[in-house]
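Got a structure here, written out as structure tokens. Questions coming.
First chain written, first letter: the chains are A, B and C, and each begins at residue 1.
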């Protein structure tokens, strides 16, 4: 809140409030309302249709004794950590490289971004092929003479989630790069000049000056990546269907399968309530620090 | 084989031998071959190979006939190039009894995407601007709920939204679908704009206030022109997301409004029957063309965004 | 006008109705692949011939993609004219909630009770004595498809039953073949298990476990044998690196795999690839020993609507779907067996004739969808998937958990 806005605050903030009506509606009615509805019905034994027959915590008990759910949670952690680290690092490095006034910037940017235009279903399918030991990379390398070469992440339960990670990064780092690039372009040229005059090495300028300045962009990127992590579904379905076995199951898939395949809405809602709860545990303290605490600007 | 060639070249480029790259570089007027540049372009090149490899597989596969696809070498170039998969994907692939391929839903997709993108970006940018520069009491609470909302899996919200739309009398209509897209695009977009606007130096905002500009005046005269890169990013996100959306399009509308992803889903996602991978790939590339064109076009806007940035510097 | 239409529709089957009064009836289904779509076209053609218009609402991706759409449409107050479901317990709640039309009167008028065979198909359309759906086809799961060439390459004769197949596995392995191709999707793996159960343990045990949910039988020695067989199967399938059933079928077609256990829909793929039954591939219903086939399939439900014109068009469609001629035409394209026992089956090919013989011999058993809720089926799916992909999981452990799931369902 800016000090200057005090004098005519009422009238001026009216505009801001009017502008925020869609957001308030979305936040309160759709998200908060829908969430409460979901939590409410997670205590029922709703099957195909929501119905008000309460079963207490039975859905949650079943949820936490299901091996598939536990594996899903574990996978989400590995996948999430990998996505966060690699998306941010690779996205930023690519953006920084493109920001070096290089030739063919437009071409490179489009190359890195184009996978984002393709649906997850197809991303999964193509990477399923490429990672397939019979006719993908492993086969090609073996044909080149390295007979013992083995690379079959999608068929090895221990590392299958990394195979999915490779495809997910391929699809989504382009957008992060674009976001970072937009942020880099927003940085004042003078800062670079000043850093150069002071003789600060480039990598140090990036790490100590530019990255902190781009904090808002990093937060946006972080949220985009994080929401994608929680929601990951199509890619897994297309690439492995949760296999081999149940080694690459993820929570969103559990929710979806419970709701629409098992026709057990109650169980699906219980699972999504748990997902939301874990999101809340992470997001609320952060949101409080970020948006709720003292005013900040810039 | 093109891919191994590319891999080799990438390997060379990543190493210390500059010969491979000196050709194209020699044509460059200004700079001299430097180690930094080799690393720079080498890294970009290696990354480009990683990003292009699947596209190569897709294009090559889409140009093969099914017997050749069955042979199983996904990297080999087609022995006999055929455009039949492309024709089939666009014009004759069947969804149930309708054999018009992707062309059937194309205009519906346009009708859905254009208003959804415009509305969602307009609302979110104004919203983000209000949050960044004109905070009012309680705004952060709503905003926090909004951000948390972004983490809810779409599938969970399907039924509540069916009920909501039914009560509003919008179920099955284009308006309803546009609103759904606007609602689900709002968290990320609002965050995007809020954070971008708050990184614009406050002095500009203050100066405009001193000059007597109001809420809308500052938005249109100062914020908009300075924000082209972020609008481009928002457009990329929205056009891609809405254009590729299948779930909302099919759940919240009627068959005469189904977007082309319904056909794409059918082509790619058939559970039973023969999977025509070549048609799958062609259909995917065709569907992705619209966002891709936007990406190409956005390059210019990006450049203009830099120009806008230069003005302030 | 409305009454006139209703009278017309009720009195003559092929009523000549002018296009002006034709009703557009939207029909949603998830049959989208080549043969399936061709089969649906038979329905549409026959329905259009009654003067109404079939508006096709195909949604691909299988039931799991299509069902949320259908349920949303129905609960959103904008129902389609008719919709596909697997009969059994999938649509039970929609029926209970009063979303579906009661077709009992029509069924009596048309004599469905007598015509539909096996009668269990109609039973699973029935709730509280009322009929709510129209079964349209029969698919059976209990088939072993073998590549003749693969066995030739391995230097062993083509097996005639499951035990011989298991015995031939080492020879196949040695020849570089995958003995058993299994798609890694959970429903396929559970299918393999069920086929083993019905074929090797027999329909009575199947009824006890899947029908009566008898946890004791599920934990007993008969089922232990089946888990042993499943253990063989998972070893034989260890190198099968595919997901979709048709990719697995393709391994058999290209002679890279010895065989595959999958339903009769695989037949279409063999035909498309130009393979001839007996020469290129061998089909063993009931794994060569069993005398029972699951008789699952698809059914159509008709949402309740206020508009009498639409209601009469729905009646018309229901009638058309069970018309003997339409049944033959539809099922030939679909690769499935007609639901009427009173029609000519001579057009069926060799493999299908073997299947028909089993059905006529009283070998029809209800499908899992008719006996169990999707929730329980999916739990078994997950268990079987885990069992097949976890070599360290013993058959005993798996059986214990299996019995637990069965027990929780009773």
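In this section, a residue touches a chain if its C-beta (ideal position, glycine included) is under 8 Å from a C-beta of that chain, and two chains touch if they have at least 3 such contacts.
Since the model is a prediction, treat every value here as computed from it, not as a measurement.
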Chain whose average C-alpha position is farthest from chain B's own: C
Between A-B and A-C, the pair joined by more C-beta contacts: A-B
Whole-Å gap between the CA centroids of chain B and chain C: 39
CA centroid of chain A to CA centroid of chain C, Å: 38
Cα-centroid distance, chain A relative to chain B, in whole angstrom: 15
Residues of chain B touching at least two other chains: 155, 159, 265, 269
Junction residues of chain A, two or more chains touched: 134, 256, 259-260
Touching two or more other chains - residues of chain C: 68, 75
Residues of chain B touching chain C in the complex: 70, 94-98, 155, 158-159, 162-163, 165-166, 171-172, 250-252, 254-255, 262, 265-267, 269-275
Contacting residues of chain A [partner chain B, same complex]: 1-2, 4-5, 12-13, 15-17, 19-20, 22-24, 26-35, 37-38, 50, 93-94, 97-98, 100, 102-103, 106, 108-119, 121-123, 125-127, 129-130, 134-136, 139-140, 144, 170, 174-175, 178-179, 181-183, 185-186, 188-190, 213-214, 216-217, 219-220, 223-224, 226-227, 230-231, 233, 252, 255-256, 259-260, 265, 268-269, 272, 275-276, 279-280, 283-284, 287-288, 291-292, 295, 297-298
Chain B-touching residues of chain C, taken from the complex the two chains share: 26, 29-37, 40-41, 44, 54-62, 65, 68-69, 72, 75-78, 244-247, 250, 254, 265, 268-269, 272
Chain A partner contacts - residues on chain C that touch it in the complex: 63-64, 67-68, 71, 75, 90-94, 97, 184-186, 241, 243, 373-375, 377-379, 382, 385-386, 388-390
Touching residues on chain A, where the partner in the complex is chain C: 47-49, 67-68, 128, 132-134, 152, 155, 157, 240-247, 256-264, 267
